[in-house]
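The structures considered in this document are given below.
First subunit A sits with subunit B, and in the next complex the same chain sits with subunit C.
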Partner chain A sequence: MDGATTKRGGRSWAVALFLAPALVLLGAIVMYPIFFSVGRSLFDANGSKFVGIENYQEMFTSPATLTAIKNNLIWVVFAPSLVTALGLVFAVLTERIAWSTAFKVAIFMPMAISFLSAGVTWRLIYEQDPDLGLANAAAGAVVNVFRPPGELPGARPSDEQALRASEGGLAASDPVDLGGTATLGLVAIPPESIPADAVQAVEPAATDGGIAGTVWLDFAPGGGGDPGIIDQGELGLPGVEVEAVAGGAVVASATSAPDGSFVFDGLEVGSYEMRLPEGNFREPFGGISWLGPTLVTPAIIVSYIWIWAGFAMVVIAAGLAAIPRETLEASRVDGGNEWQVFRRVTVPLLAPVLAVVFVTLVINVLKIFDLVLVIAPGSAQRDANVIALQLWKTAFGIRDFGLGSALAVFLLLLVLPAMAFNLRRFRAEES
Partner chain B sequence: MTATRMRIARTVASLAAIALLTSACSGGEDLDDDGAAVETPGSSAAVDLSGETVEVAAVWTGAEQERFQLVLDGFAEQTGATVRFRSAGDDVAAYVGPRIEGGDPPDVAIFPQPGVVQSFAGQGDLIEIEDIAGDEVDANYGPGARKAGSVDGTLYGVWFRAAQKSTVWYNVDVFEGAGVEPPTTFEELQEVAQTISDYGVEPYSIGADVGWPLSDLFENIYLRVAGPEMYDQLAAHEIPWTDQSVKDSLTVMADLVGDEALLAGGSSGAEQTDFNGSVTQVFADPPKGAIIFEGDFVGGVISGETNAKVGTDADFFDFPSIDGSEPAVLGGGDFAVLLADTEGGKALIEYLATPEAAEIWVAEGGFISPNIKVDPSGYPDEVSQRAAQALVDAGDSVRYDLSDLQPTEFGATTGQGIWGILIDFLRDPSDIDGTAQALESAAKKAYGG
Partner chain C sequence: MSTVATTSDRTTPSSGSRSSRLVSALTHGPAALLLAVVSVVWLVPTIGLLISSFRTAADNADSGWWTAFTAPAQLTLQPYRDLLDDPTIISAFVNTVLITLPSSLLIVIVASLAAYAFAWMRFRGRDVLFLIVVGLLVVPLQVALIPVARLYDLLGLFGTIPGVVLFHVAFGLPFAIFLLRNFFVGIPHELLEAARMDGASEWTVFTRVVLPLGLPAIASLLIFQFLWVWNDLLVALVFAGGETQPLTVAIREQLRSFSANIDVIAPAAFLQMIVPLAVFFAFQRYFVQGLLAGSQR
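Coming up: the complex of A and B.
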């Protein structure tokens, strides 16, 4: 007992000597900045006036920071749990497959890329134009199979009175009797999408016992011409589907010729509605607005998962390798199926590892900054805002260091519980 | 992105500086020998700065950056200094701010808004340039330049570039194809847009990504709806943004941007288009859009980034009159400020105030100089000459870009203030009262009320 105390007392100098460099460094680059920020957060923008907790009030009332806090909450709820779950799935699967190393390398690869390059890549992937963005090109390939774009996307009637909307398409307002004619004039067709075989439109020639009509581009190049009249220089629209409708049912359909003319023969006596069905006007897939105000945060979270899933997989796989094989074998021998073994044995044994991965990711996600800055376009940056980004913009953009420090302190407070959890685990493992 | 790039850039820059320094030292004796003979010919700006590195930051990218580089090359040639250009993206304050805090500001920055000059001067981060360029500013510019570049009577900025923001650019082929003529009134403009839409092109191309083209559009409308006097009052926040005149202007603007069929890519497309994209898509094949509401500098993007030729394929008309309003011009500009007290920085500021510096960019197009000593025949085409002339002719009825005069957080910050609120307005143009209210509360906050 006595010997021990003497020993300790004698060593205290040495201990202090060894600790000093670390303490000085910690004090200078961790503790001092923290206390400085806390102090600075109680002053106004340029630090000349003490304002008490005003910056904190501002922080919790300004819509910009509230959005940022809300988005951080979404991030914390979804990103760490999804990454951990995906990492677990990958880790368990790679134990079973032959090409596990190749698979692991592929999944882990994004970790080797800087966040900024990854962000730039995802920004391109999410471009709205299907010709530019990979995500929309893929979505478009599927959508266009099930909903092929029409010949005349975006076309409008030249005369709103003569043609009106009908079941997604357009229909002539006046029904046509047998022997009558119909003229269906359209505008707003881009010059480059007018079919190459289109020729001058012609007045429909009435036929006995049938209905004749013309569907044409009621817009002469260079302007001029009257709406509703087939003028010189106005082209017929070939390949347009026209339906004759009676009593709400499609009786016959026809396709227009290069001069825009179409004919219905062999109709029963009566009057028919001339309709251009919806398919003609269907827009080509214009792309999902991934980076618009609603989808921007989930879209960025997906890119985050892409980057971090590899990290979770590697750590969890290491934990998995440490599980005694006999335990798993024993439970299989006891009659557990694979799912039961996974659910009742593997996961509980992995729980400590999963917790470490999860908490580490929570800390990481709270500080998310770069991906949001790079991926969100200027117009959506408010909608995608997170606390760290708002901090940077407030402190260095508007140069309000008071409010910026308050945000920094708030962020620190959010991270502390997760840090404390990790420290406690660390200590528990040591003892 | 910037942080990493900056770090790399700084390392490279310091290495380069060391290399230059050593070479300068070794060559030092030669210089002494024939020092007098080496004196660079020409203007007063020609101090010998061999071995010095001057860093300058501005918002320009793409074609504009290339042209400014030519101006800087001219400086390098005159002085022997090495000039490094840093593109700061849309938010120059967010780029320069951290560098000042880090104790390593660029020597010179070019601020696109006097409001930013004011806020940096207020923080004590700018160096007074009276002794450096005061005489040049008085000799080479009209009386407004000193005022615009000064804060509380102290000169901080050289007005390097002027913008004439009351131009509306259009694709000549589309106008001919649709058979329409450039309009002079707002009603005509709407008819023209409708005809172009019938022709099959969505007419209005707006780069609403960040929001400043929207604020310029609003200001042009406000200047015509409310008149120059009320414009000044609103700029100084003497009348609130909830004033009827603001609501009337927003109503006009809603007519313009509210019809998805008239907006290239619809409102969600406009929201994801940046300014350069809004210009290039109009001159793409096939064209996506026909009309661009932005200033003379659109011409520079057209000639730099598209195959179209200004004057034949692209032209502009004056922003149309609204309800018989008088002709009025909205102006803007970029100010060069000094952030570091270095010989190179001072020399560059002085150089940028000379007509020689301006004429280099003038000849390249897409640039209007407020420098009255600049030779008007230097403009490369009749179109830019016309835009420059309009600014000179407008004289007293020129109004400075309103959002640029506001405190930075209200007038010129991505996703906030006027820019952010007008993007919201583009998403829902029916909410006139809500938009006016939002503008007023943001203005109140920025003015500390």
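Coming up: the complex of A and C.
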């Protein structure tokens, strides 16, 4: 090859040799498919019949593709802006800490992980059982503070006549006068939910000027005993909340003892309804269905944010480092507080960088595929569907290359504005 | 506490023990506290996967991975022993290597040749051609799946490793050429002219001057392409068959019954991510440089 530079003809040969491998690959695998797809999208599933724009009509009418398009729209509206905003906040805040490198590594690390492994990681987090999934374990910890689970979820009255439903709980049908007693029998309590300190239930002992009662499990293991009667072998139910209600208002409340007994003292003369409020029967927190039809797309977007926030942060931090310190100092001296400096100086100066990050993310989000495929369980794939996933399923699942190509062309059209943005920026920088 | 706080502002980062620096950093106000919480939140998912991968299927079906902190006896190497005894996973791992390494090397060769031509050779249509390359940067690879599947069918490349490799190289090229060309353009003109004056051919200038000076950009490209191909699922899902499937496809096969297969999925996913993480930690600097050159410049 030596000596080629001396002759002009040799030069152009050299150019061809340097460019050929790249041009062949780009031509065959990137450029040619674009034209082929446009043409192919005008034919039917197996390519035998010209159908014009029918595939495009189907794309905008069939529920599966419409859901995919709608979800892509949700992705584009929320994911890039949230990631960019978070990246900006992180980039600005890291400037104030001594361990900024460690922080950046921690946030940036998910960028090196595949969507597949990240998807597996988040699917683990979104397990519905609060004992297994971290998201629901955390949600459960909060929920249980404000709405603690009851002692008796699922319990029913032993005598439907004596105890009836009342405001989510149960109430005795017969009001009790001062000095009277009440027996509140329940059934359908699984053995493992009976508190360990429960002992043989006792008949309530009437007191002067008060109301006494017993809440008990009206069921003896091994059978025997009559409904509504406290028999030998039937346990009291401790820790149950009982309310005395008069005129629709709760006047007093009591908690049952290990033998199921409770006492109301100091009530005014009158007659009271004995009620077991709703809280006693509340089911324990069962977990939010993160990957159910309604929440699946937001849940996957959260995992996407986890992956890409580091990218936004690193690029924005580099932009931030390029802003002269004096500019920021000057505006601080001019009396601006941190927030004003951030709003009026930092953000406007960073605008070009923010735009680049945002556009990069929009392009990326339009093509989102792996995360949805991996995180959405089979049952929720239809609800979480996105264009790229639908394309893959259409083309390589049901082998409809016509509709598949139409989806591909649609995806290409969606990134054209980003292409224009890139070209404009490139030309501006070159000149 | 107060002494640490008052001295922290002016101490250099290199002074003091690691823990005292940590304490001083954490006492540095609400921003530090917020970021500390954020970094924990960001690390927890990966830690969760790691711990899950060291627990038996029974433990994973029974309790959350965080219970391992109070009952460390749960942790076992068994899932990994089983994984390494699984011929499907092992051959998938080998396939991942066989796809990733050639893709990464080939793109460096093809892209650096083209980038050199775009940066330092004069020819008609150069600027238009390069604009096309810039335009191709954003083309979604999904557009090519159907046409290339057909093309590969004709060429007998469907379901083969070379087919997957060529697809990755082609779709990596716009970014690769863009990255390298922009770096090569920055090499001082005099160095090239001096070599050309000495009668060096384009090939000699390319191999002796531009490639050595372009190494940082080439390193960035290598790492990007390595991570991209290693982590790919979609291309392999379409173009690699049962015998040639990489790790990502093999793991995805297990996902149909997630909870039942978690003892396979968790260690396999960790095996899948340990290599890119190692690459990331070893070559972070080049990764970030490539990112900035590619998206911001």
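Convention: the second predicted complex is superposed on the first by the 316 of 431 C-alpha atoms of A that agree within 3 Å, B and C clash if a C-alpha of one lies under 4 Å from a C-alpha of the other, contacts with A are read in each partner's own complex, and residues count from 1 in each chain.
Rule of thumb we're sticking to: a contact is a pair of C-beta atoms (placed from the backbone, for glycine too) under 8 Å apart; a residue touches a chain by one contact, two chains touch by 3 or more.
Just so you know, these numbers come straight off a predicted model, no measurement behind them.
> In the superposed arrangement, which partner chain does A:Phe396 touch: subunit B (first), subunit C (second), both, or neither?
It touches subunit B and subunit C both.
> A:Gly378 in the overlay: touching subunit B, subunit C, both, or neither? Say first, second, both or neither.
A:Gly378: touches subunit B and subunit C.
> Looking at the overlay, what does A:Glu192 touch: subunit B (first), subunit C (second), both, or neither?
Once the two structures are laid over each other on A, A:Glu192 reaches subunit B alone.
> Output check: A:Leu116 vs subunit B and subunit C. Expected answer is one of first, second, both, neither. What do you get?
both
> See if subunit A has more residues touched by subunit B or by subunit C, and give me that chain.
C
> Tell me the contact category for A:Pro293 with respect to subunit B and subunit C: first, second, both or neither.
Touch status of A:Pro293: first partner only.
> For A:Pro221 in the superposed arrangement: first (subunit B), second (subunit C), both or neither?
In the superposition, A:Pro221 contacts subunit B only.
> Determine where on subunit A the residues touched by subunit B overlap those touched by subunit C, and list them.
Shared contact residues on subunit A (touching subunit B in one complex, subunit C in the other): 114, 116, 120, 370, 373-374, 377-378, 392, 395-396.
> Taking the touch rule as given, give the residues of subunit C at its contact with subunit A in the complex, in rising order.
8, 13, 21-22, 24-25, 28-29, 31-32, 34-35, 38-39, 42-46, 48-49, 52, 60-66, 109-111, 113-114, 116-117, 121, 123, 129, 131, 133-151, 166-167, 169-171, 173-174, 177, 196, 199-204, 206, 227, 230-234, 237-238, 248, 251-252, 255-256, 258-259, 262, 265-266, 269-270, 272-273, 276-277, 279-281, 284, 287-288, 291-292, 295-297
> What part of subunit A is in contact with subunit B in the complex they form?
Against subunit B, the touching part of subunit A is residues 46, 64, 114, 116, 120, 128, 154, 156, 158, 187-193, 219-224, 289, 291-293, 370, 373-374, 377-382, 385, 392-393, 395-400.
> Any idea which subunit A residues touch subunit C in the complex?
Contacts found on subunit A: 1-6, 11-12, 14-15, 17-19, 21-23, 25-26, 28-34, 36-37, 40, 90, 93-94, 96-99, 102-103, 105-118, 120-125, 127, 131-134, 137, 306, 309, 311, 314-315, 318-319, 353, 356-357, 360, 363, 366-367, 369-370, 373-374, 377-378, 388, 391-392, 395-396, 401, 404-405, 407-409, 411-412, 415, 418-419, 422-423, 426-427, 429.
> List the residues on subunit B that touch subunit A in their complex, please.
Its residues touching subunit A are 1, 4, 90-91, 93-94, 97-98, 101, 119, 123, 176-180, 195, 197-201, 208-211, 261, 268-269, 271-272, 274, 286, 408-409, 413-416, 420, 423, 427.
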